[in-house]
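Reviewing the structure listed below.
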Amino acid sequence: MKALKLKRDWIIGWLLLLPAMVFLFAFTHIPAITSLVSSFYSTPRGRRPAKFLGLDNYQRMFDDPVFWKVLGNNLWFALGTIPLSIALAIVMALWVNDKLPGRGFARMAFFTPTVLPLIAVANIWLFFYTPGFGLFDQLLGLFGLPATNWLGSPETALNSVIVVTVWKEAGFFMIFYLAALQAIPKTLIEAAQIEGANRWTIFWRITFPLLMPTTLFVSINAVINCFRLVDHIFILTDGGPDNASALLLFYIFETAFRFWESGYAATLTVALLVMLCLLAIGQFFFFDRKVHYK
Amino acid sequence: MTSQRISYDRTLNTVAAWTLALLWILPLAYAVWTAIHPAAYEAHFTLSAPLTLENFQKAWAAAPFARYFLNTILLVTLILACQFFLCTLAAYAFARFEFPGRSIFFTLVLLQLLVMPDILIVENYKTMRLLDLVDTIPAIALPYVASGFGIFLLRQTFLTVPRELDEAARIEGSSALGVLWRVYIPLAKPTYLAYGLVSVSHHWNNFLWPLIVTNSEETRPVTVGLSVFSAIDSGVEWSVINAATLMTSGPLLIAFLLFQRQFVQSFMRAGIK
Amino acid sequence: QAVDLQFYFPVAVGGKAADTIKELTDGYMSANPDVKIDAVYAGSYQDTVAKAITASRGGNPPQLSVILSADMFTLIDEDLITPFDDYLTTDEEKEWLTGFYPAFMENSQTGGKTYGIPFQRSTPVLYWNKEAFKEAGLDPEVAPATWDEMVSFSEKLTKKDANGNVSQWGVRIPSSGFPYWLFQGLAIENGAILANAEGNKTNFDDPKVVEALEYLVDLSTKHEVMAPGIIEWGATPKAFFEGQTAMMWTSTGNLTNVHDNAPFDFGVAMLPEKAQRGAPTGGGNFYLFKGASDEQLDAAVDFVQWITAPDQSAKWTMATGYVAPRPATWETDTMKKYAEGFPQVLVARDQLDHAKAELATYQNQRVTGVLNDALAAAITGQKTAEEALSEAQKQADAILAEYR
Amino acid sequence: MTSRQSVAVAGEEIRLENVVKAYGDSRAVDDISVTLPAGAFTVLLGPSGCGKSTTLRMIAGLEEVTSGAITIGGKDITGLNAARRNISMVFQSYALFPHLSVAENITFGLKVRRVAKAEREDRLKTVADLLGLPLLLDRKPSQLSGGQQQRVALGRAIIAEKPVCLMDEPLSNLDAKLRHEMRVEIRALQQQLGFTMVYVTHDQVEAITMADQVVLLNGGKIEQVANPRALYEKPATAFAARFIGSPPMNIIPSTSLPLLGENAPDVLFGLRPEALELRSEGPVRGRVRTIEYLGADTLVACDVGGTDVLARLPSGRSVAAGDALSFGFAPDTLHIFDQTSGKRRDDLITQIGLQVQSS
Amino acid sequence: MTSRQSVAVAGEEIRLENVVKAYGDSRAVDDISVTLPAGAFTVLLGPSGCGKSTTLRMIAGLEEVTSGAITIGGKDITGLNAARRNISMVFQSYALFPHLSVAENITFGLKVRRVAKAEREDRLKTVADLLGLPLLLDRKPSQLSGGQQQRVALGRAIIAEKPVCLMDEPLSNLDAKLRHEMRVEIRALQQQLGFTMVYVTHDQVEAITMADQVVLLNGGKIEQVANPRALYEKPATAFAARFIGSPPMNIIPSTSLPLLGENAPDVLFGLRPEALELRSEGPVRGRVRTIEYLGADTLVACDVGGTDVLARLPSGRSVAAGDALSFGFAPDTLHIFDQTSGKRRDDLITQIGLQVQSS
């Protein structure tokens, strides 16, 4: 009897999943696997078909100084973007969920990064960063500070990209926090207020724990995005100077669509996927059980 | 009476929020500035600068934007409709049903988040050719309709819906799909709004795949028109690019302004004791 | 019966180019009703090659495409393109090949075959701000002719305020994205050739190349006449308009832009010489794609011949600022009249006599990528010119070994 | 209400057989077997946390049984979906749909079952009138007071006229007047329509006034199944005795009240506060500790041989704390329970009767 | 419980002055002015939806007043933040933090105020014992029964020992026994510590047994402010009369019960069911319609001149539906109200007294 009920749940679950899975397999998993298989082959080039290389491509990757450099860049990039953009997203969401004067304007301001195409926005930031007459240098110039080549020197290039990324991400994540804040029963906040908790305490002890499902979602996306957001790099720095601001995916794009080395690109992709799996999926299964959903 | 409420803490928060908001809107403000002034004022912010619509005229003339807008709207509508449908069903399965393979399937969904769709363009192009869909709007849409992001997001939201409501609906005779339709979806409205805005923004702005899989004016989205301005051989013309950007993103900004109020209405105030 | 052609083209100079292409193809079709040309805008050069390769791998190649001249070896390597020679049957047609500037043809031929036909080609030139020259006490009508002159002029043109903050630099040689291109100008001037004609050997560690790089680095470090660090390509014309720099090196593709937007009188000159005058060429060629029927390719070749003919070419050059690739074009009345009113356009043409092929090898993007990284490393002071270039040479050798 | 329903719903019998519900190690419901007759009004009564809601939820199909079986109308429905059990239910936490208006909440089930709009409106009107909700139909649940929310939940359950209706403390947030009215209405409705009602409450007044049969639970186990009168008059255990009746029955150890003489077994005497009457020289003697005014009556707590004993006296009497009082009682109002098992010991009654009279 | 607190909390007086709360056009609270004395136990009583919770929430600072002022301890706190008002509160909907355990929920406020861990544990133990929660301290609220949840909410409020404590129907989900115990405990606690209690209930028994002062609300307005005895014995209006006492007082129009003779003004007579006693030839005569068994008593409903009249008779009497009964009452148990305003008319009492006696 019990088994029967279970079975019905199974079938409903599978049926619900079926349409999405068909598309996922057709347009993600199967192509991904075919292209990943090529990481064991040389890149086919016109007259020379691919030949099996075994792990040679991986060997090459381990010997590739650029790979290690972009990996290092990516870690720094992750540290610079993830915590900051999530923290800002929460703060923004709290602000615009509150009775803030001019709330509509603030909400819209925080949302702009999501609406504007990253490519176009990168051009604007390019202007902001331009030495001499760029916005930042004009502002700094008012204080008599010298012009800075933000994007053109290895020390500042990556950090400048981080700033743009945080700008983009925080507004994006804010939307999900805003939606999640709506689902927290008001009486819980009221109860905490009665207990004498100030905003800070209410946030840390009530709101934040109740936002955990969203935080889990957002932080996994943040981890993934910090490996995925590279569009603006093409315009801002093109990975330069000397790969100082190149990230792993940027390097993969370069390998795949500039160098047209699909074999090696696949190898790098495998490395990226393995890393993301460990980080993101590991993170999910580790935290999902601890998150309080209801 | 209410004036007493304007405390120190409140003022501080308001000031901070406004400062951040101003910082955040700076790029948009700059885009507006350059778009409505002649190019000479791209880096000079004098209030007396003359106004002009010339940049918009130039931008509008550079590509068949009217057609592109229509295509984009068709595209994002198609994607959004399919995403809502597929992701809702899948998220519901993950949130409220126990079945073998749930973790594995969910891992597969998360994997989709990790795999960059651009990496797969060659394979997906082959698939589209196989389906004889090259140079059609569905070809742009199909790889994105099953969104790991959407499934994940909706799952998280569905998990926060009080079980009692699910139970009450079931007692009233709702089938599994009935409960989904009558309880989960209405209660997840803020999330759907958020996801809709994000998805629309994303696909509105997506470029590489549409460029590659389409060839004709009848199928291409606005971003392809926008890319005409990303000149390499000549320098960046901020005023025209920004006019074009504003033109293409304008509908999104307006949509957001229309929907933003919805976010801040409470949907789940009471009902659960 | 009708022949269908699909033709990909990139746009790298703004919206007008796309319109002109459409105009021209429409013109061709009304003259040749049996040919239908589907001109497909394909984004930037990068996007176009990506689209062409993706479509080819997906079994759906175009018949004709404009792609960077430097990508010739890549396309051969991918076995995507076919030479024009097979479709140029009559002597008259063969003769047509010789009507292009040789500098442009260097990038279009290899192994005795012609794979590319020059179309939207450019070359870097030096622009200078006449008012700034006047202000600095220089003759506003005379541009620096040598490397040394460029340094000495620049020293006069560089303006510093009391804090030592520079408000106007002497010269600006952008180095973002693809620094090798302008650097190649310096190398050629110093008598060096960066890669052989077969596209399988580079000379990055040639002492003359090293010297050219040292000169470039010295401009900002030793002479302090150019902004330090990587200099953005896209913002360069704006910097010039804003008076941030008195001279700039950039593509002729900017002529129209500078002409329309510079708030001062400006001059255009050939790049200064060291051992000789010199400049690379750049830009896009027509390529014929494999997988099409002979009728299609015949029609494609006919179209290419038509569009590079003087009348059409003149229209194209005036609309975009690209250098017309055949001397014949410059002889037309419209072009002559145009050059009269805008004499600066002639500089690029004249420079073609000294111009050399743009760096192009097999696995071109990777090899130039290696060079770009080396240049950036030297410019940002992480490596000396010599270190950087000899490392780059080693890497290039490793990449190209299999093509020798 | 009368004109609405011409055909009666045939109630269905519900049987629980050895039903167990375990949460981890602890058993919320511990091996319950009971039959709830078709068309009867059965109340599940018991202290907080005794497993009433859990039992109800298992009948509803919202909680899986750990072991045992449940049948409705003779059909084993242990594994059946809640939606298929053809029942209605009022939740302790209301479970109103926050996104629907009051009217939509009430007609939710009808809509699901595609009842025609005209009929829905019709029934809605009747139910709304009955529950005093007509003015609130367009509001959202968040705009209602607690009691109003509860009435909406009630409306949602009764509008459907299902053969089985489950209610989990549906009246606990209503005021006395409304509660009294609703009690009568629900009972009348149930009798009129004839469905089987399972009603959870912790309020023994509700249980006694409404039930055909009371299932008294304690700690997940059944304490007694009986009709209200039997429960009140012949509680099977000391627990049942104390649970029914408010204020609760006094349970006095025989050590504090030596009615049975010296060498009688240790037992517990049960005397309801209303059974005690002031009688000089009565057998129950004590000193007044506190006095509680109840309106019609006054509750007097006395210390009788170390045990607190409550007596309900008419408010007219003036007593003060510290007074020494003595009470008597009619012999048939005395209950006797076993000291250890708490079970009723009717066998001792006669013996006592004799002794009390003779004292 | 006794050893815990050596210093008493000084309760503070709460004053409401012309307080109004409007939702759109409708007024949930309509111009209320009342003083809740320091250290007193005030009950807000009234039917569902009359504005009790709203009033309480305005005192708590959770709802802004539309107009009027509220002072606590003489300080105007109308615009003050809830967190600054130094009060504690039990919510009608519990409002337990779902992610915290029972123990963490209860000690939440102490933690916020950085009470030392040792003291927290100490107080937690006392409160948990008092509320019968010791075994549940590690559970999450979702794992508790409804009544258990309510006890946790209660614990969270009383652990803090604030000068003002607000409770919104805190006992409504507890069973009779526990409710009785809690009633006594809360009352004792309040008297012992001396804080000001504002207690919302719709249960007149709670109101009468616990309150020093009852504020009876109806439709957002104050009906009567009085101590329980005055409320029961001298209800100011017919509404108050019917609201206090269960079963409610019988209100009989003078047309159905001609006690005042022919040309007396039209008034309403009030007689409590327990005031009616069977007396042959008594002035109140009717035929039995229904009988409700209540355990100790039986409720008999009779039709008296077209009005339903309830009488509470001892269960011993055997009456059956259809019997003709007649009742008498003591003259001082009669209430008279104005027909139109519902106001008490004590001026007519003597006149009636004479007439009844003479009849």
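Just so it is clear, A, B, C, D and E label the chains in written order, and each chain counts residues from 1 on its own.
Simple rule for what comes next: contacts are C-beta pairs under 8 Å (C-beta built on N, C-alpha and C of every residue); 3 or more make two chains touch, one makes a residue touch a chain.
In UniProt terms, the chains line up like this: A = Sugar ABC transporter permease; B = Carbohydrate ABC transporter permease; D, E = ABC transporter ATP-binding protein.
This is a predicted model, so every value here is computed, not measured.
Visitor: Show me the overlap between the contact partners of chain B and those of chain C.
Guide: Of all the chains present, those in contact with both chain B and chain C are A.
Visitor: Taking each chain's centre as the mean of its CA atoms, which one is farthest from the centre of chain D?
Guide: Between chain D and every other chain, the largest centroid distance is to C.
Visitor: I need the chain pair with the most C-beta contacts, please.
Guide: That would be the chain pair A-B.
Visitor: Distance between chain C and chain E based on Cα centroids, please, to the nearest Å.
Guide: Computed value for the inter-centroid distance: 90 Å.
Visitor: Could you give the separation in Å between the centres of chain A and chain B, each centre being the mean of its C-alpha atoms?
Guide: That gives a centre separation of 15 Å.
Visitor: Taking each chain's centre as its mean C-alpha position, how far apart are chain B and chain D in Å?
Guide: Those two chain centres are 55 Å apart.
Visitor: At least two partner chains per residue is the criterion; list those residues in chain D.
Guide: 81, 92-93, 144, 146
Visitor: Any chance you could list the residues of chain B touching two or more other chains?
Guide: Chain B, residues with two or more chain partners: 42-43, 122, 162, 187, 207, 227, 230, 236, 238, 266-270, 272-273.
Visitor: What positions in chain C touch 2 or more of the other chains?
Guide: Within chain C, the residues that touch at least two other chains are 50, 177, 234-235, 238, 242.
Visitor: Which residues, counting only chain B, touch chain C once they are in their complex?
Guide: 39-40, 42-43, 58-59, 61-63, 121-122, 125-126, 128-129, 134, 207-208, 211-212, 215-216, 224, 227-238, 240
Visitor: Quick check: in the complex, which residue numbers of chain A touch chain C?
Guide: That would be residues 45-47, 123, 126-127, 130-134, 141, 144, 146-147, 149, 151-154, 157, 235, 237-238, 240-244, 254, 257-261 of chain A.
Visitor: State the interface residues of chain C toward chain B in the complex, per the touch definition above.
Guide: 6, 11-16, 18-19, 38, 40-45, 47, 50-51, 54-55, 57-60, 122, 177, 233-238, 241-242, 250-251, 253-254, 256-257, 261, 263, 283, 321-322
Visitor: Show me the residue ranges of chain B that touch chain A in the complex, using the header's touch definition.
Guide: 9, 13-14, 16-18, 20-22, 24-28, 30-31, 42-43, 85-87, 89-90, 92-94, 97-103, 105, 107-120, 122-124, 127, 142-146, 148-149, 151-153, 156-157, 159-160, 162-163, 176, 187, 190-191, 193-194, 197-198, 201, 204-205, 207, 223, 226-227, 230, 236, 238, 241-242, 244-245, 248-249, 252-253, 256-257, 260-261, 263-270, 272
Visitor: Would you pull the chain E residues touching chain D in the complex into a rising list?
Guide: Its residues touching chain D are 23, 46-49, 52-54, 92-93, 143-148, 151, 168-169, 172-180, 202-205, 208-209, 228-229, 232, 242-248, 272, 274, 292-297, 312.
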